[in-house]
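The following blocks contain the structures, represented as structure tokens.
Shared chain: chain A. Partners: chain B in the first complex, chain C in the second.
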Partner chain A sequence: MQINQQFNPSKGSWQCARCRTPLEPGHVALNYLENSFRVGVLVCPRCRQALIPEDMATGKMLEVEKLLEDK
Partner chain B sequence: MDQNEHTQSLCPICLNRIPARRVLDGSSVYLEKQCPVHGDFSTVIWRGEPAFSKWKRPKWPSRPPVCKTEINAGCPFDCGLCPDHAQHTCTTLVEVTRRCNLNCPVCFAKSGNEVVDPDLNTIREQILSIRQSAGACTLQISGGEPTVRDDLPEIVSFAAGQGFALVQLNTNGLRFAEEPQYAETLEQAGLESVFLQFDAVCDPPYERLRGRPLWEKKKQAVTALARAGIGVVLVPTLVPGVNTEEAGAIIRFALSRHPAVRGVHFQPVSYFGRYPHTPADEDRLTLPELMCAIELQTQGLICTADFMPPGCEHALCSFHAAFQVTESGMLKRVGGGCCNTAPIEAAAGARQNVLLTGQRWRHPPAGTQLKINETDDLDRFLYETRTRSFTVSAMVFQDAWSLDLERLRGCCIHVSAPDGRLIPFCAYNITASEGQPLYRRINGQKPLTAQSKMAP
Partner chain C sequence: MAIWDFAMEQSELRKLEHLCIQEEWAYCRAACPLHIDARSLCQALAEGDVNKARTILEKTMPIAGILGRICEAPCELECKRSEADGAVRIGLLEQFCVKNASRRGKPMKVPDRGRYAAVLGCGISGLTVAHDLARKGYRIQVYYPESDAEPQISLEKHLPGPVEQSVLTGEIAHLKKIGVHFIPAKCDRQLLAELLEKQTIVYVGIDAMDAGILPSPPDQRDPVTLGTPDKGVFIGGFPDGSAAVRAIDAACEGRRAAVSIDRLTQNASLYADRGREGPVPTRLVTSLEGVETAAPVLADGMDAGKPSLVQKEAARCLSCECMVCVRDCVYLEVYGAYPKSYARQIYNNESIVKGTRKANPLINSCMLCGLCTALCPNDFPMADLCLGARQRMVQGGKMPPSAHDFALKDLEFSRSDAFFMVCGDPDHDRCQWLFFPGCQLCATHPEQVADTYAWLRQNLAGGVGIALACCGAPAHWSGRQQIFTETAENLTTETEKLGHPRWIMACPSCQQTLGQLDSPPSQVSLWEIFSREGLKPPSPKGQKNFCLVDPCSASDLPLVRQATRHLARNDATGKISEPRLNADVAACCGYGGLLANVDPNLAKRAAERRATECQDDALTYCAMCREQIARSGHRAAHILDLFFPHADDPFERPAAGLSESRMNRRRLKNELLKAYWREAGTEPPDYLSIALQMSGQTRQLLETRRILDSDIQQVLAAAEPEGQQFYDPDSETYLSSRRLGDVTFWVHHAQQTDGRQWIYTAYSHRMVIGKISRKD
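Coming up: the complex of A and B.
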């Protein structure tokens, strides 16, 4: 499975706010309205907390949410 | 429904505003009203499952951003829109002609007899006025039959340059069938989607409703539009005793022409404009009856439970379901899983409707490909939604017998009147039992709202 680099922040060294561990590229499942989407993002190797960049949250993640919510 | 729901309506004879009630009788609901002069009226508005009491989508009212009229005589006599209207515009119709190349026995616009069209500059000004009042809504070029105008490409081109969410044409499709290059001409002018009158997949219903056998023409029109890359929505008018048994076959035909055919939008017959006789309850097809008919006639390919009440217009006006067509030709339901039943802001529902309608009713862009090394599940979902989307929906319009002013105040489909006012579609088209129009000028007949004596 390819990790989608465009979901990673453009710069900076990120660490987990909870356990202070440096984040690493990984995968998480986004679950919404009975659907599940596996995406590549930075995750904490210890607690699995993930960083969702703002452009992802306000971009295609929002677009998918609207489609699932329907009209 | 524990007790009757109170609303307001019009007398179908004098068009005066009168109180009305939605009355439950078994699994049916009737709109009952009494005119002090013309007596009692009762019209069926709901029959069967899903239950009327469960079909809700409450909304907080949203005042239109631009109001061209003031509150004076009250709803529905002040439309423009007035400050008391409760919803923004999602679709505006601009009528570019009153002429038509058919003379259908059933026509809500009662088109065909007038010969003088508004000139191109007048249409342009009207389109600019719509953009200013209604914002980046869907623009539907309508009539009459718009393709009888030879300058339609110029109208489409102008509309396409104004930043509407979607430019759509309302047509019977005859010219697309008869002139092979016509669809390409309009596509190059900027046409993105067509609302195609499509009542059946055989000739007899066309002979009854349109006065001519048109099945071959309809197939030719779909082929021409598909070749040109214009999204097609099939729009059947369903009339009990004529073509309500065609719903499943129409959906199957639509799927056989997917992805060019983006969906089917059913319109159960309403009785305004030109129609054969005063309707009885058996002349009406209610929304739940249609949902059940679709389930039965598609052998469960589409189920009643797939359908949702709308987040834009009033819940009693429509239903819809969105699907993805799988590679094996089956339908996978998309969306509709939201369990939040709290009231939504009406304008938010209108914005969402404009966004999704634009995405779903366009032809998928030619050559769209998913780049495998740049994709994840979100990309795949968005790609499949754009390319494999298929919608089934219905809207039941209100006539002088079924008009419910609560529904009218929540209307998001507006007609641009020649003077620039935006009039809710049903109000614009309503005619009294003897033909008196409320808003539309028909064959020189002065509409009620243009007369000095206004209803209370």
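Coming up: the complex of A and C.
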């Protein structure tokens, strides 16, 4: 499933702490209870790290987690 | 494994459904031979909606224009309100209704289904047969004596009470529209014989026809079916003894005969399931408690024409129902129905193979306090129902993983070396006593637990050991029977090594939980010991009046309640009040059944409700009640706060936070080990030394998100060099994350000049981060 949304942190110019590369828009697969979603987030193109912002974790992700848990 | 292995049996559901009488008919409706829903009728009239009232009447009442005017209202004799200040005048309300609102909508003629029957006699019983069968798609012929010029003239002759001609004409016209034909004829034996010859089923209404036309004497009719020895002939509308037949009884007989005729036509059993016709008993229980006196405002002979009086009279209706349990349980209330409906929802939930299990929150939100069962006239076991469902969900792998996660992790913590300890008395080889404070009391009142242990050792002979452990209640409440048994067994094995001590219980929930074991330990409450030894708490400064709050877990522990009452009473105490729901019918503070984990907002409401019922500062002997009530903003103390005060005003003590609760347990264990056994205790993990600082607002946010300092510290400990970390040069702050077990934590932080970490925020998710790719 693809959630057609890009989730960015509300502020800051975030970079990867490991390689100091500025983050750029990318995709992350999120898996839960045998379901998978692809969501747009900021990623480090070199180290393949994804930044999950607070709004996304406590909003959409939580909502979907609860939904899947009741399936 | 298939889900139906872990589902409620249907017979079990039926048994439960039968226990809850909320759907039973109101007294008036059960007493009404036609089962008119007078409760809804009154409701509509009380709202001033006469048209709605007429629609309600029309649903069950045949020829309502007539019956509504002359019904003798036997329902009033059974009206609940008659036990208080006089029955609701249902009969007069019906009169008002039919006089002031006409039939709603166009008459509905049900399509012809090729079924027919004949009625002899144009009286109430016959017209009821005609009405009921016409509504089922029958075409009915009503024969009336040709000497009467019109059916309404015939009808008027046989009515038990006066009704204007125009009304009668209107009712006849209505019946014609729904498929009833009126035929003037010589109504004699020959007509009857001719109809039977043609295989027509015939109803003879004796309320409008001479019984002489019947082939067999009328007293030979079957009282259930109203059939006669003559096949195809049904009769009704008898005067009972010498008195004239009552209109309502005539209608009731007509209705009964219509059922028989329909069944005979369809070759169905004439006798099956006929116990609910006519006046029936009801199992409903409605309490008159709190009903304010209001005498009837309508009286016989009064023209029921004044709308304001009618509205007032209708408003006297109590809307009889049970709802006793729902009124006193926030949980039952917020789910919008009552246990009978909940049992069905839970049953349905378990039969879902694919799709959303909508009743999961319902199942997981019961506080398992048992108050409803204590209040219910039939002891409906809501707690058992929900607990059983939770156990089946766990067994079937259908329990939402996050529902009880925090509580189960807390249980793991209590079972770990960080807290768990069972020690004998340092001065004795074997112990006669074992102090069992319970994990929550240790988490919130570590100083008082240490003080109590010292006091017990000084005052009791035979050696006093101590056990720091969780009784396993969270496992039990969450439906994890296996973890519960393991926890309890582990605990009892350890304590057996001390001999067979008597357990001194400071927590009523532990006492209740361990008391349920197959072979429970020998237990006595700390309060009984204190009380027996004559210990009295010093009065706190200025504190005179208390409200003694019993925890729901003490509902089955009368000795505990007695002892705490004895302890609370003191020379210096003034008034000791109690909340309305207390003692053996105590309401839960919101902690029970792990509600605070599943639905923190509902748990908060339960605590607030408990607090509002306290007129004075709350004094309790359950650590969870104390925290819940204090958290809701009401002054509250644990009784141990009075015995062993560690604050100027024990009623002002803030509730312990989640991280503090863990720290308190760690510290208590190590302090006791050091003080009594000269042992160093359990070394805390390194990451706990990472110093954190945050605003009060952030602290509160993390409490509601159930994120512990130790979670944050573990993220920070691994952040460099291997963990996942981001940096924002604008604010010079970091965002670090790490997966701990089945949760990924994120921490937004910055190093302060003093070396401590300032925490801006932290959050978590259960989803697992998978493949990461660049924008394509």
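The definition used in the following text is that the second predicted complex is superposed on the first by the 64 of 71 C-alpha atoms of A that agree within 3 Å, B and C clash if a C-alpha of one lies under 4 Å from a C-alpha of the other, contacts with A are read in each partner's own complex, and residues count from 1 in each chain.
Operating definition for what follows: a contact is a pair of C-beta atoms (placed from the backbone, for glycine too) under 8 Å apart; a residue touches a chain by one contact, two chains touch by 3 or more.
Here the structure is a predicted model, which is why all the values come from computation and not from measurement.
Applying the stated contact rule after C-alpha superposition, one finds that A:Glu34 touches chain B and leaves chain C untouched. When both complexes are overlaid on chain A, the residue A:Trp14 reaches chain C alone and has no touch with chain B.
Counting the residues of chain A touched by each of chain B and chain C gives the higher count for C.
In the superposition on chain A, A:Lys66 contacts both chain B and chain C. In the superposed pair of complexes, A:Pro45 makes contact with chain C only, with no contact to chain B. Legend: residue contacts after superposition of the two complexes on their common chain; A:Leu23 is shown touching chain C, with no touch to chain B. In the superposition on chain A, contact of A:Thr58 is made with chain C only, not with chain B.
Residues 30, 33, 36-37, 40, 61, 64, 66-67, 69-71 of chain A lie in contact with chain B in one complex and with chain C in the other.
Interface of chain C with chain A (complex): residues 355-358, 360, 400-403, 705, 720, 724-731, 733-737, 744, 746, 748, 761, 763-775. The part of chain B that touches chain A in the complex is made up of residues 308, 310-312, 320, 322, 334-338, 349, 352-353, 355-357, 359, 373-379, 381-382, 385. Residue ranges of chain A in contact with chain C, taken from their complex: 9, 11-18, 20, 23-33, 36-37, 40, 43-45, 48-52, 54, 57-58, 61-62, 64-67, 69-71. Residues 2, 4, 6-7, 30, 33-40, 60-61, 63-64, 66-71 of chain A are the ones touching chain B in the complex.
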